[in-house]
Amino acid sequence: MDQVYKKLEMVGSSRNSVEEAIGNALERTGEAVRHMRWFEVAEIRGYIEDGKVSYYQVTLKVGFVVEQPG
Amino acid sequence: MDQVYKKLEMVGSSRNSVEEAIGNALERTGEAVRHMRWFEVAEIRGYIEDGKVSYYQVTLKVGFVVEQPG
Amino acid sequence: MDQVYKKLEMVGSSRNSVEEAIGNALERTGEAVRHMRWFEVAEIRGYIEDGKVSYYQVTLKVGFVVEQPG
Amino acid sequence: MDQVYKKLEMVGSSRNSVEEAIGNALERTGEAVRHMRWFEVAEIRGYIEDGKVSYYQVTLKVGFVVEQPG
Amino acid sequence: MDQVYKKLEMVGSSRNSVEEAIGNALERTGEAVRHMRWFEVAEIRGYIEDGKVSYYQVTLKVGFVVEQPG
Amino acid sequence: MDQVYKKLEMVGSSRNSVEEAIGNALERTGEAVRHMRWFEVAEIRGYIEDGKVSYYQVTLKVGFVVEQPG
Amino acid sequence: MDQVYKKLEMVGSSRNSVEEAIGNALERTGEAVRHMRWFEVAEIRGYIEDGKVSYYQVTLKVGFVVEQPG
Amino acid sequence: MDQVYKKLEMVGSSRNSVEEAIGNALERTGEAVRHMRWFEVAEIRGYIEDGKVSYYQVTLKVGFVVEQPG
Amino acid sequence: MDQVYKKLEMVGSSRNSVEEAIGNALERTGEAVRHMRWFEVAEIRGYIEDGKVSYYQVTLKVGFVVEQPG
Amino acid sequence: MDQVYKKLEMVGSSRNSVEEAIGNALERTGEAVRHMRWFEVAEIRGYIEDGKVSYYQVTLKVGFVVEQPG
Amino acid sequence: MDQVYKKLEMVGSSRNSVEEAIGNALERTGEAVRHMRWFEVAEIRGYIEDGKVSYYQVTLKVGFVVEQPG
Amino acid sequence: MDQVYKKLEMVGSSRNSVEEAIGNALERTGEAVRHMRWFEVAEIRGYIEDGKVSYYQVTLKVGFVVEQPG
């Protein structure tokens, strides 16, 4: 069968690491959890306070299965 | 009048051709058919089984008319 | 707190200027106005009639806050 | 019928604005005005005199209809 | 001998396939047929009607031999 | 288990279609057939004779499983 | 004689237009005004308040003459 | 007020992680700590010794507030 | 003496972190360990199960010394 | 006065050097010599015979002044 | 017949010129000399000692004919 | 120890060659000579007079060691 996906662009943030920022974005996509399949990192950036990283900000493209109607 | 569009990123697949993978993605966008206007191919890839193409996978950006409220 | 955003791709148009095309896209995103935070210009193009710019067309990525449930 | 276009790369300049630089480029493409259809902005740059913008310089790709012979 | 080429950007369209859109562009370059040597696909996009591909539109860079004068 | 892949860049050609050029590249990778998993299209180009496409040339990145020793 | 330039990356902002944001960046480069020669726009983005553009933010590369010692 | 920023390109390294390499670059920018606002990761690479990562090397663009004179 | 290198593209994966995925790729390049010199991260992506990162997948270009014959 | 330019894409070749390939392309643009202003190198490649460079091939964008009519 | 190529990424270096660095990379590809067909320059960089270029380093993609078995 | 670098963007020019333009840029970076480590070519362009190259212009990113305070 010919599977179809959609991709949404999300930005997650974390005070601790790139990996935690990715996890935080996935937790709040607003889509059914069982439809999420993969992600691609599009951008890594972050904010600085007092000369240190305040938080990391990672932009992801997240791939979701589009269910067949009926 | 100043028209506004949104663009969604879809991935279609097909065992036969790039063109069929595009068509399959368009069939299941979950948007009103009459709003779809154009697509742009962002990526062509595919999966391999026994040394042959198992299916093509084409990533599209699809442009939709955003209707003016009321 | 770890903020999450989503980014939507919109295309606005205007007969007058790049800035007005951006404003027109923002006006019709279909999202709650209070969630919109920033935009990034991805592409500037336009259509021509009688050798003059008929309208500008600006593709934007628009960033929205994703509210925490509950 | 299957339409064919060609795209030419033009650079327009203006002391006042990006939009005027685009218009100036279109005015002097050397092609029949009725064949011009669309443009895409490839680059925005400019020159500086006395610490101020002296003129904007906008590089465009301009799309023209290629007429069918006879 | 030191060969020189020029490259023109063409857009071909077809209701049926990417390959036919390429062929249609080549047929109407307006250059001497014997000078054409190669093409590079720069962009694949298309238009949609009633939820199906209406036509494919392929942007090509076409390489032509520049003949030596005299 | 933590899977590792390598990616090789191949160029396939065909007189008939983009899809056939992809298939031709896969047939002669010189790797064990059972290790091939996926491909990504990096470039589509071609050669021209007498104003028509002589053959398509498609550059692929092909992903192979790297087997664990022992 | 062989001229040498350096390029600095600046971000200017303005509530009104892309052009004014460029001008604001140039005004505060911290370099001798007579050394500035050209700019290249690298990115156009902006911030949103109440569903409208709050300010434009334009990233420029600015070229300066490097004076010969002595 | 119209804020202006400059961006500097820095490369930080660390034997342990991408995040630590970012932190190390920020510590030695040679700018007043209170002016640093954000960073963007431009490149991640590293060196290898005895088949293991010897150190990570992360290229950042760091954004600084340009203070208004006076 | 004029050193020559070759670069291979590898994909490593890990359930835990980007850094571990890099290390896993290096461990299985199939080249003599003493020839490996540096890596460049080309892509970071991953797979998702039950709404969480199942594993990270990092694409690297790995640089190897090409030994001089004899 | 607002100057307009067009840019043509040319490919020059030479058995000896990148610089000579550039010079060879400029010599045969088919445009009035007095209109040529600048070039930008878009691609450097070449052909190989018997394990040595047979000739360099350099793709240029060449900028020409578009003269004002009359 | 449908020719197939593979592309390898090599880095050559030279104290004297970009061209010599290319030649040095080709000399040590480890492939049969008669299979090499073309190269594409992917990157030019170099190292500095005492404020002068110590050596140029050129990254190439080199195309090889893949011979048909038997 | 964890080394930190900064990268500056310089443009050198020369009437004779790409290599000489690089050397000219390095000579006038305005930094301590002993801190310069490597360069990356970002752009090669040039100016034309009387149909010949008037001078080459090469944009470099130059890497400098940032010394540890104290």
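So that you can tell them apart, the chains are marked A, B, C, D, E, F, G, H, I, J, K and L in the order they are listed, and the count of residues begins at 1 in each.
Basically, a contact is a pair of C-beta atoms (placed from the backbone, for glycine too) under 8 Å apart; a residue touches a chain by one contact, two chains touch by 3 or more.
Here the structure is a predicted model, which is why all the values come from computation and not from measurement.
**Q** Keeping to the contact definition above, tell me which chains border both subunit B and subunit F.
**A** E
**Q** How many links in the shortest chain of touching chains run from subunit E to subunit J?
**A** 1
**Q** From the C-alpha centres, identify the chain that is farthest from subunit A.
**A** J
**Q** Same or different for subunit G and subunit H, when you check if over half of the residue numbers at their contact belong to both copies?
**A** Different: when the shared numbers are divided by all numbers used, the fraction is under half.
**Q** So what's the Cα centroid distance for subunit D and subunit L, whole Å?
**A** Here subunit D and subunit L have centroids separated by 32 Å.
**Q** How far is the middle of subunit F from the middle of subunit I, if each middle is the mean of its Cα atoms, in Å?
**A** Those two chain centres are 21 Å apart.
**Q** Distance-wise, how many Å sit between the C-alpha centres of subunit H and subunit J, to the nearest whole number?
**A** 38
**Q** Which residues of subunit A are in contact with two or more other chains?
**A** 8-9, 17-18, 27
**Q** Each pair of chains that touch: what are they?
**A** All touching pairs, sorted by chain label, are A-B, A-C, A-H, A-I, B-C, B-E, B-F, C-D, C-G, D-E, D-G, D-J, E-F, E-J, F-I, F-K, G-H, G-L, H-I, H-L, I-K, J-K, J-L, K-L.
**Q** Any idea which subunit J residues touch subunit D in the complex?
**A** Its residues touching subunit D are 2-9, 61, 63, 66, 68-69.
**Q** In the complex of these two chains, what residues of subunit H are touching subunit A?
**A** For this pair, the touching residues of subunit H are 17-19, 22-23, 26-27, 33-34, 36-41, 62.
**Q** Which residues of subunit F touch subunit E in the complex?
**A** Answer in residue numbers: 16-18, 43-48, 50-53, 56.
**Q** Which stretch or stretches of subunit C touch subunit B in the complex?
**A** Listed in rising order, the residues of subunit C that touch subunit B are 8-15, 20-21, 24-25, 27-30, 55, 59.
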